[in-house]
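Each of the next two complexes has subunit A plus one other chain: subunit B in the first, subunit C in the second.
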Partner chain A sequence: MREPAGEPEAETREVPFRGGGFAPRPRRWAGPLVFVLLIGLLEWGTRTGFISSLTLPRPSAVFATLVQLWQSGALAEHLLPSLQRLALGSLMGISAGIAVGVAIGLFSLVRAGLVPLVAALFPVPKIALLPLFVIWFGIDEGSKNALIALGTFTPTVVATYGGVDNVDRTLIRMAQSFDLSWWSIVRKIVLPGALPAILSGLRVSLAIAIILLVAAEMLGANRGIGAYVLEAGSLYDLERLFAGVVILSLLGIASSWLVSRAEKLLLAWRPR
Partner chain B sequence: MRLRVERVSHRYGPTEVLRDFDLDVPAGRITCLIGPSGCGKSTLLRLIGGLEKPASGRILQAGEPPSGCLNPLTYVFQDFALLPWRTVEGNVRLVLEDHGLGAAGMRRIVDDVLARTRLSDFARAWPRQLSGGMRQRVAIARALAVSPAVMLLDEPLSALDSQTRALLMDDLVDLWLRTPFTAVYVTHNLAEAARLGHRVVVLSRRPGRIREIVDIESALQSRSDDDAGLKAVRDRLWRAMREEAMAADRELTGA
Partner chain C sequence: MEPFVTRRTMLAGAAAVSLIVSAAATAHAATAIDVGALRLVSHAPSFVAQERGYFAEEGLDVTFRFFEAAQPMAVAIASGDVDYGVTAISGGLVSLAEKGAIKVIGGALQEEKGIDGQMVLASDEAFAAGLDHPSKLGGHTFGMTTAGSSFHYMAAKIAQAEGLDDLELKPLQQVGAIIGALKSNQIDAWAIVPHIAKALVASGAAHEIGRIADYLPDYQVTTIFTSAENAADERETTVAFLRAFAKGAADFNAALVDRTAGEKAADEMVALIHGYVYSDKPLEEAAPSIRNGAMRSNEGAALNLTSVRDQLDWFKAEGLVKPGITIETLVDDTYVEIR
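For the complex of A and B:
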């Protein structure tokens, strides 16, 4: 544009910046900082008596309890059975869930038959079924594993068939145009294409597995983190109760970290 | 290998896409199908390659595919259709894996086609790291790997910018000059058809029928933009297309 002749030169200023934001960026320090601040606040509050020792234990005392738990060998005694239940139960639930999810994604008949069933199972609080499972699978490990398996099964099924549905159909047409076999298409296109959805479903499944693990152990176990927490609660031993809670939180963080590792490893091809 | 399309009609629901369509695809030459958008040219290509079944009529192939041909009718797609979870060489290998060629045999073919498309340095790159033009070259390498009898190219350059398009057209000409292949090349771009086609078939708007067939005699390597003969061909094609394009445009906006 040309300035009209004879007009005095207009004031110039910079165009204000209006873009930016709405793009999460990594801030590694923020997460740990929140923990440190919160724990520091609790420590200060319980030491000064601002927070009564009846309402919250002192963080340092909880830490001491954890150390003692570790040294006495009680940690392994409670943690190992819990980890075993978690691993076994979720392994069964997740592998069955992926198999059924892929079958739903691939076969119309299976989809028509099983999607309503999965929808019916999904909202049922699995803990309510524990007494039934005790009768079916026995009071020992069987019922706990089955509970965790069922709890991880339904979210995995839903995530998996959603992932299969979202696989780019043009890639499948391409594969057909090169005469790839049906099995090759499933293995090389459908499964890798659904993998991102399956892995993010895994996050949900593992969190559910931990919740169910504790619930099952609270209802009937002598050993395990859930049993430990229940016992501490009924004795009103806040230090031990919180030590158990900390272990559960760490378990959650560990499982989420494992999924992140798997994503990094298996989904290196994804645009970042 | 020659292809013949005989009285093919096709419809999607109430929409008639092709009516009584006849076409001959001669061997060793590039046949361009050009027409306004939505005229059924991509549908025709899918019918030719057996990805869809025509409502009536048939598609015939005459003669045996040459020996060593792993997939006689091979597509190159507009959106490249590369697997994002496979590297460049992995994408090429995908179409060879079902043929029991052995590791060494596959290696040889992959190296050969990557060299022919000048992609050897990018064998281990992920598709996301490549530009659009490079991705389409990977797709072309993949198509060459199965040594097709007929290449079916569905607007292969339409997703690319015009500079990249010009470069890839030169690549395609080079590939054809080295080993002439039979091709059906669908495009809506006049310049591409005039540059690459030995025969250009202009389609009418929906339902698609042949409006005009133009044979271009000049050799592929001697065609340039300021060629007077080629300009006459382009003008002739444009006159044939113009009316159809305008009518098709009105149809779309009126819908």
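For the complex of A and C:
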């Protein structure tokens, strides 16, 4: 009840519930619609000459280039070496990153020793080191794998030890009270607790791996999606350039989907 | 003597335009143009024309825009940020011409027998293992910047002439990266302009195994190009630019290529170029590199159309550019003498 504030006439009215929040609701059609509108606009613009052929390629021509890539077998020829570099490089970088990240999270000495080193390595533009990598690891696959490995290593380390740090302390204290062994605590509480953060770090690492793929294929690669994009750029062949960019985007979507699958599988224990 | 008449009529036309231009120049302010350049000895004619006032005499107020590679310069001309440029014909340049953005209007650097031109180099290791002639390049790696670059063209032409089908090309994006790879024996061979080649040979990092002039005797290495708009609508300015450029080229050839102008003129020329090329090194250190880099820049900015056509045909045969592009789309042959 309100105090009557001097006003004699107290009107009662119904107030609708307003606290609905800004919860996003599923709108499945919106994403594809944006793509369709944008591509339609580009197609119209390039066909009418509103957008010159110098500025952007015609989307249908890009699609035709993709179809031709697929039919001629060139797609596999470029995709397979790239996927191999991505897989090998990121496997090395991510597994080393998780190992170092967990060690930093668990041991104070390792943390004191390695966190400054990782912080120093992180902002170094790996692309600038490419010529050096060629001298160290050779012009063939070695330098390419090493570049992707180093590029994925640092973000994985940071995500991993961040995840370890954020594991619920009360759970660890409880386990200690129940006299669980150190190894048992790490295996049953720390690692599962850090897993969500590690997996979300993986999304960033894999995106970086794809970015670095193009850089890695700058030196001495005749085959590969990155080499294909770079070649198209230097020939100013916009259709092939955009076809390559579309393939890189699809790789990004595929890697993100893989991480989502891994999250569903590995984090099934989490309460919904 | 058809060509002679053509040249004479052209000169007469040029003289007439010159009068108009100089009249216009006295009446109005100088025409401001942007000229794209790389800090290479092969761009010397522009530098000479600027320093000795040939551009100013033609009523042009030139601002140089410097680039690290030929490809961005071609794109800058297509976008209208730069008016005139000099660079090798690359696949990118042909593609931009195909889109109606740029035109080749004249010739600059050309290979010529008897003058030190581009050299074929072998890495120290490959040379020691017996790679002492381009005919033995089969199965070896050959450096290039990108597909469709002049390096790609030269390698393909050597392979064609020697009947090699297993020359492995390594794209390394930048000249610096190729030099590094050659020095560290990551690639076996390369072909490059003399001022870089001679320095590499002198340092012992590479060995000369052949000359490009033996495979491509009249190779039109670099061409002068401009936007299609300038070529079509800014005729007076374009003619004035070419005339000033040709004057610079004549001075350059006389001083450093033919050496008819005497030792003093050669020294002056080196000092002038040093203002733009290797300016971070002291003159004494830069001078030999600049002298070594002197290749002929065509008299009157003449264009060797036969060589340009051969290059275009090669780009098409390799599938590097659209098959439909014709020589007329690439070249505007109304400006200079066509050889």
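Note that the second predicted complex is superposed on the first by the 251 of 272 C-alpha atoms of A that agree within 3 Å, B and C clash if a C-alpha of one lies under 4 Å from a C-alpha of the other, contacts with A are read in each partner's own complex, and residues count from 1 in each chain.
Rule of thumb we're sticking to: contacts are C-beta pairs under 8 Å (C-beta built on N, C-alpha and C of every residue); 3 or more make two chains touch, one makes a residue touch a chain.
Since the model is a prediction, treat every value here as computed from it, not as a measurement.
Visitor: If you stack the two complexes on chain A, which partner ends up touching A:128: first (subunit B), second (subunit C), both, or neither?
Guide: Once the two structures are laid over each other on A, A:128 reaches no partner at all.
Visitor: With both complexes overlaid on chain A, does A:231 touch subunit B (first), subunit C (second), both or neither?
Guide: Once the two structures are laid over each other on A, A:231 reaches subunit C alone.
Visitor: When the two structures are overlaid on chain A, which partner does A:188 contact: first (subunit B), second (subunit C), both, or neither?
Guide: After superposition on chain A, A:188 lies in contact with subunit B alone.
Visitor: Looking at A:265, would you say it contacts subunit B, subunit C, both, or neither? Reply first, second, both or neither.
Guide: Once the two structures are laid over each other on A, A:265 reaches no partner at all.
Visitor: Quick check on the complex: what are the subunit C residues that touch subunit A?
Guide: 71, 74-75, 78-79, 90-92, 95-96, 99-101, 145-149, 169-173, 176-177, 180-181, 184, 186-187, 320-321
Visitor: Contact residues on subunit B for subunit A in the complex?
Guide: 49, 51, 71, 73-75, 77, 79, 81, 83-86, 94-95, 97-98, 126-128, 142, 146
Visitor: Spell out the part of subunit A that touches subunit C in their complex, as residue ranges.
Guide: 52-54, 131, 134-135, 138-139, 218-222, 227, 230-231, 234-237
Visitor: Quick one: which bits of subunit A touch subunit B in the complex? Just the residue numbers, please.
Guide: 170-171, 173-181, 184, 188-189, 192-193, 195, 267-271
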